[in-house]
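Look for subunit A in each of the two complexes below; its partner is subunit B in the first and subunit C in the second.
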Partner chain A sequence: MAPSCCQVRVGPDLNGAAEVGSDRWDGRAMPASQVDEFQVIGKRVAKLDAPAKVTGRTVYADDLSMAGLLEGAILRSPHAHARIRSIDVSAAEQLPGVRAVIYAGNVTQRPFGYSHDNLPLKRDKVRFIGDEVAAVAAIDEETAKAALSMIKVDYEVLPAVFDPFEALEETAPVIHDERPDIVGNLSMRWDYDAGDVDEAATRAAVVVEGDYSSPQAAPVPIETHVIVASFDPDGHLTVWSPVHMVFMYRKELADCLGLDWRHITVIQPSVGGSFGGKIDIDSHDFITVLLARHSGRPVRLALSREEEFTGTRTRQPIHFHLRTGADAEGNLLFRDAEVVSDNGAYNAWGSHAMLVAMNTVTSMYRVPNSRVRCSVAYTNKNYGGSVRGFGNPQATFAVEQQMEELADALGMDPMDLRLRNANQSGDVTPQGLEITSCGLSDCLRIVREQSGWDQRRGTMRGRHRGLGAAAFIHVGGGARIYASDGCGAVVKVDDSGEVTLITGASELGQGSETVLAMIVAEEMGIPIDSVRVVNSNTDVKPWDVGVHASRTTFVAGNAARMAAAAARDKLLETASELLETPAGELRVRDGVVEVAADPSRRIELGRVARRRLLREGGGVVMATAFYDPPTHNQDKDYRGNISAAYGFGAHVAEVEVDPGTGMVRLINLWTAHDVGRAINPMSCEGQIEGGAAMGIGLALSEELVIFDGEIVAPNLHDYGMPTAVDVPRTVVNLVETVDPLGPFGAKGVGEAALIPVPAAVANAVADATGVRPREYPMRPWKVKAWIDAGESSHASRRAAEPADKGGGDNG
Partner chain B sequence: MAEVFAAGSIEEVVAFLAGHRGVSLPIAGGTDVMVDKRNGRVHPEWLVDLTSLEALAGIEFREGGKVVRIGSMTRIRSLELDPVLGRRAAALVEAARLLGSVQIRTMATVGGNLCHGTPSAEMPPPLLVHDADCEVAGPSGRRVMPLVDLFAGPGRTVLEPDELLVALELRLPDSGVGSCYLRQTVRWSMDLAGVGVAAAVEVDGSTVTKARVALGAVAPVPLLVAEAANALVGTELDAGAAAEAGRRAAAACSPITDARGTESYRRQVVAVLVERAARIAWLRATGSWPAGVPAPANGVLPSEVR
Partner chain C sequence: MRIEIVVNGDRYVKEVMADLSLLDFLREVLGLTGTKWGCLTGDCGACTVLVDGEPVVSCLQLLRQVEGRDVTTIEGVEHSGELDEVQAAFVANGGAQCGFCTPGMIMSTEALLRANRSPSESQIREALSGNLCRCTGYSKIIDAVLQAAAERA
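Our next item is the complex of A and B:
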């Protein structure tokens, strides 16, 4: 079979993988799309920052040095819920070497966070173990830590609640008693209706129903949060922070601390990984600035690994009670989700994970009727952030397991069920998502073929082996969560002829610098190594929302392309004069302008730039662009096209389960991703392999184990990130649908690959054992218990609130 | 901050430890001590560096290979790569392969792994089933005791603060012996055992003449379970005998429930892994297992191999 609507690049590992399936995927012989027409796009370009990183020369925030730099440290709450009666810092202040001791009693601060429910230094109450109470700046780390131990805090310990279902009960201790706008611990509701689920249920031939839960997980960047803050003598503040959303960061710093945002510069040093954990501002950022202000000296705050686990934002557990119904032919009729999101002590962006999770419930496959009733609960735990995938792995775990349950109930093959209901180009989903390019069906066909699905699924239970699939939908063309979803770009060509792209977008290690440089190089007809990317300083770079929602290639890429095209046109205008040929008859290749009909008439681009600049009345070549995708903020009913493009993909996982120990071995993972176009196939493969590894961790091992509100083992060992041994060969197929709006047709791929992994692995475990995982990570003792019980471990959880048939308030 | 004393001989180490009782700590590879120090679990004023003591390092075969002496400073990586041990003390090499990463194994030592007293440590179960004795140096000279007597509780041994583990001695019958180490973990590498199990059998003809079964991570100290071993002796190590050994081992241990598994789960896994380890030890003793090939961590061969 051949893909119907798109070109396919098949992963380099196909030869090995194809041995598993009975038939080779014949798509591997297909040519990659139109690559030959490009000079740079579609080439396997090594990341521009790789040599510095692998040789240890990259400068991270922790490597910065400056005269008088102090070390900061934070005193954190040992209690999950307590009232602060008093704080005495006098002894700490007396310790030699201490330059500042701050707490709510001696700083100016205003609430921050999505619901303005958080303070950098807690004043009246602490709400989780790790909550910030006081901080010290001292001449070195040891002095700072010694001073922390001398701060006396008198707490009145309060009853705490850790389970979101208990938190939503009337008798639960109220965590934010200062918020009159909410009832109890119900911090937000996300309620959505399309069509008539109850009516559709009466027509369903088959309905499946079940509970699906996920744990508290962490983004675990290898670089912990490190922030440096320094005030100039004239009061101008410079902050070096690995944050993604630098412009919002500046605004929020000003708002919370009463600073003038015109006098704040934010510089993003090289970032040692984030995965969403460093997306926006948090208490430690404000605290660093407050310490610098109180000490009158520059201050560095570097979180320890333990603090990175206990004191920063996490991936929130989300509990789904889901029903899916279909008619006898396998046409999906409805989805009905009761959801409880366990968002922890404060509302950061994690309170909005349902924004993305909801897309999957309403719009993964064609579902005419859907209903979501979601409660976001405060609990006395670390609070939810926006970790890679942002609610989608949790939702996909429920939705995609239910597709296989439904297929089994219908007596259909799950792949046939998926293909029958697959989203197609041109669809507008009931939620208003406008599906433009869509390679979902091709992705499904590819992994079906490569995994030998038709021959092998359901046949290997005797060997405790199984195959499971899962697909996903995710925003791939920005995500309008703010008034603008835009990004600015400046392209300039100075007398040297070197091209500089100044972009609003940030590099986190994901490869955006390289991809943006490739886009500029392609558009201008120059080699990749002629492009320099500047992206780290708010004084210099144009506005951007920031890195999130897999939006950088799409949004920043379009902005860069527009600016590059405008700069090229200026150069061609001058070249036209020099070559005495109309600009339309010129072309640029490898940095040389030539007459298309007579390439011997040519002039080097740098010379063109100089000839334009170095003359009376001359000018520098500089072009600006701002790209804001044609999308809409969702309305109060959560309808609207939030993204200009949607990414799709499908995975098949093969596992072998040891029924004796419950240990699961992942044998194979086949992936196919609709990336629109692979600007840099190597980079796409890296994102997919890395995302898959992160998904494997979620599926099998990663969890912050919490007893009585305390993360019991905040270290890299116990957290359970997978090692190379746990990650099988990942077969990557890039499906190119050439998106109409993406730069050269590209769509976002940054978050994609982890999303379907827990669901695919769970489906594979179900195929191998006959029992259905209801939660992840599928650590061995859970799997063993499920197998021994001989049936699905129906999690005892039900959404605390019965489905509210009325409309919802949107919190 | 601790100061480092670089000892020149075993006697110097013992004398220094005796002179700095309670404030000094021997440091071998440092893979446990440095972590403990960072986490505030130990506060030594002095670290007594053993790395230059050649007398403590090395694997030495004696009596025509029937006895092996393993110096306490022998790196785990050296055990892992030793071809003779791979054939004749397979459990030890299997355990060595599973400990940490290559980097950690290159630093970590067998003596350090034993003396740290971690109940889930990799080295005790295989050494116990190979009937290891340990040689200890102290102010009043050397003493030798069975390894099983070394362990006193989680993180504790019977060694006095001025005593030093010098070497281990294992008897290695030259034929008819097989052993195996298996463990349960959350991930497949760089993990601590939730359950660790070793079994060794000596076979004469088609009958088990001697057997040992040892357990890690399921009691305050590593256990040698005689009643489990007795279930194997005199049998042809059929499925029933292996299962019975597993049941007895499960009954004999006392696991706890923590973040890495429940008490009842660990007991179940002890039964499963003892059964498998005994079977693999038998296959090795009878020449039915390819020499030098380690078993998968959980004892289950990938299904296409089976």
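Our next item is the complex of A and C:
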């Protein structure tokens, strides 16, 4: 694949306020780095997998075919909370074409999930509408569905609880009453203290306080979950799954189902989008394997779109009661957050979204004193997963609105307040986050200028327009949540001279495969089209935690670079003999080794590889590396540097609000992101534009509307995901701070762009209307009601200690 | 029932169930898995194909409704193994990330460019508004369509 010819378009004159709002204006800025010093890095390289994707050749899980493949289907609970009295599968088993009917009574399974509070097939109780109860494998989909309708389940319906505040009250129905170690419905606590918030509050000239809520939202990849499982006659299991933490997946499959993990291969077909929805193992994965085991045949389970909404993990609503205080000059003194996270029926990794949300409360801007009291509640709803941004959009919605409220109270410009308190390189935050590269101030200045902030904010209310800003901090150099945060890499060069990178990291569509190939090409001095990337099979690829936390470019990139450097050095050792020149005086360009002082003395790399291999006592060129970032698991007080680098950025949104209908139209979105170094600017822009669109959906339209535990309209028509007519062109500025530890200075950017969007839009709505949004999505009828009421949306609700909780409406 | 149909220039005569959808015929009977499905309710557009040059969501179309007509799928867009202008522009502009919406997006683009040789950005957005993409935010897809239109003009 040749690099694309795309020109790097230079951004607009930063004083060009006249161009603001122009329909066709393309404001992408030239990366700040000197791209000429590199052969490959910094170039707009087309994705290596794109030709297959544009021709329909890419194979996703549902495109697999194999002899004897059965279709699976799941029977789900129609009740939000019920005891299972009995399950009768005898009629379903008798239906011709049915090859397996499974339920808790006839399978071997152990609890799984972060708190081991979940079973693939529920045994005694169901805890949300969509919970898995039984499953069928049959010769075709129609037969499987017919069999499901013949399974008789006798339920004793129990009182259910849907509001997290009510769930934490002593009188609430207990969702995990089988677990005496769980107190009520409190699934986790996250308490953190730095400094003395109460003392700082006595010194504050201004304190702002308010409530900020977020909805249950869904990741919505266009491809639903599709899993295929097959046992070889010798008992070896192969699973084709779009999961992206494949090694943990293998271990959890083994642990839960009592399998030997040495006899499990996990293959990741091409993934049709995930956004965290496919990150780790879920009940449907276990069920597919159980169906294959019980039927003795390969089984495919393809979730319908409705099941994708009702039966898979979601973004958890998090309710913040936040206070921020500053002195008269605008120096932040403290942040104080009381938080309730509504994590649904079970604890997957989603229960840890507070880990990232907490970073924003403690470390977004310089805040000497901070306090977090967070309760994570079980409720009878779909449960929280690890959706892109992982708690951070929710936290940023509170923290960044409060920055503008605070500025207004101080009579300061919000950008000045931000710049005064901005994190800087060399800072260590009270939580222990070590800020190395940091372009936050530059990002703020860029979007301030491009949006015409100083001239326009606060001046357009008569035209129902407003500007709002929000910045963010997010992990950008891995996130140590596991014993290792590492990734392995192998680089080999065969007799053809082709270079293969075998990486632990997965491609989900985000472009990591191409970025890793670029890193290898740059390090080895070879063209990008001579690198192949192998990344999909646990039998072949070296261990990796998996794709999460915007870590792949940083962690897998460093591993790939280390392996490439070692492979190059082996080739140079041989080239040194062949060219009779010390290796230190050689260089590699475009796949050719040459003597630096006399480039006419040269030898092609493939020939070097053959000369090394095809001789007596020869050997293959192969190098391995494992990169684990120099970070620490946080201690019991949630202190420690969990990431080796942090990404920063700032957005300004411009909205127009129709006062008659409450409709909010996003007119412009200016973004500036500190990406460390843009390995592939086109990919960085793609992540930012795509993330921004997801953020726009969160801000304005996306929400799982749940009534008595039931998702009212689990379909794409009603969900509110943005279409091509719903999003403006996002202006993208890539700020390069060249991180000291990132591969060629790069930091993660995968999750970044959606994080500040709901906050920036809310601030813009406040500027346009004078009314402060307290929740998103900011759908027209809500905004209309806020405008009509002339004040904030709903009654204040405080998230205090679980014992003395006040009630409240459901937002 | 017995049905006759032309797909990507090839004539097929097949015995099929009367309620078979065009999508299932393409994927399950002919093995043309380039056409994707994301909802089966006509909302996502991933299954878009051309029927006599018009874009159709194949999940909602019964095969017998298109009997005797000319169907083009993503597999029929290339010319002798070469990418056409739309496909090449999607590659060059980063218009495909996960790629799952891409076949449907390209088929809608092919239909648009047959009807309108130089569409404006807003016309492109309108024409692609039935094709959902979660990865790109649509900007690079629109860049690709503009480039393809310019190259064909």
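In this text, the second predicted complex is superposed on the first by the 767 of 811 C-alpha atoms of A that agree within 3 Å, B and C clash if a C-alpha of one lies under 4 Å from a C-alpha of the other, contacts with A are read in each partner's own complex, and residues count from 1 in each chain.
Quick note on the criterion: a residue touches a chain if its C-beta (ideal position, glycine included) is under 8 Å from a C-beta of that chain, and two chains touch if they have at least 3 such contacts.
All of these numbers come straight from a predicted model, not from anything done at the bench.
Student: Is A:756 contacted by the first partner subunit B, the second partner subunit C, both or neither?
Tutor: Touch status of A:756: no partner.
Student: Between subunit B (first) and subunit C (second), which, if any, makes contact with A:658: first, second, both or neither?
Tutor: After superposition on chain A, A:658 lies in contact with subunit B alone.
Student: With the two complexes superposed on chain A, say which partner A:63 touches: subunit B (first), subunit C (second), both, or neither.
Tutor: Only subunit C is touched by A:63; subunit B is not.
Student: I'd like to know which partner A:223 touches here: subunit B for first, subunit C for second, both or neither.
Tutor: second
Student: For A:780 in the superposed arrangement: first (subunit B), second (subunit C), both or neither?
Tutor: The answer is first: A:780 touches subunit B but not subunit C.
Student: Pick one for A:725: touches subunit B only (first), subunit C only (second), both, or neither.
Tutor: both
Student: Applying the touch criterion given at the start, work out whether A:717 contacts subunit B, subunit C, both or neither, answering first, second, both or neither.
Tutor: both
Student: Specify the partner with more touching residues on subunit A, choosing between subunit B and subunit C.
Tutor: Touched residues of subunit A are more numerous for C.
Student: Pick one for A:463: touches subunit B only (first), subunit C only (second), both, or neither.
Tutor: First partner only.
Student: Taking the stated contact definition, name every residue in subunit A that is touched by subunit B in one complex and by subunit C in the other, in rising order.
Tutor: In subunit A, residues 717, 723-725 are touched by subunit B and also by subunit C.
Student: Okay, in this complex, where on subunit A does subunit C touch?
Tutor: Result: residues 4-6, 23-24, 44, 46-47, 49-60, 62-63, 65, 220-224, 270-275, 304-305, 508-511, 682-683, 685-686, 689-694, 715-717, 721, 723-725, 727, 729-730 of subunit A touch subunit C.
Student: Under the definition above, what is the set of subunit B residues touching subunit A in their complex?
Tutor: Interface residues on subunit B, with respect to subunit A: 184-192, 194-195, 258-262, 265, 268-269, 272-273, 276, 298, 300, 302-303, 306.
Student: Subunit A touches which residues of subunit C in the complex?
Tutor: Those residues of subunit C that touch subunit A are 31-41, 43-44, 46, 73-75, 77-78, 83, 87-88, 90-103, 106, 121-122, 124-126, 128-142.
Student: Subunit B touches which residues of subunit A in the complex?
Tutor: Within the complex, subunit A touches subunit B at residues 460, 463-465, 656, 658, 660-663, 665, 667, 700-701, 705, 707, 712-713, 717-718, 720, 722-726, 779-781, 784-785, 788.
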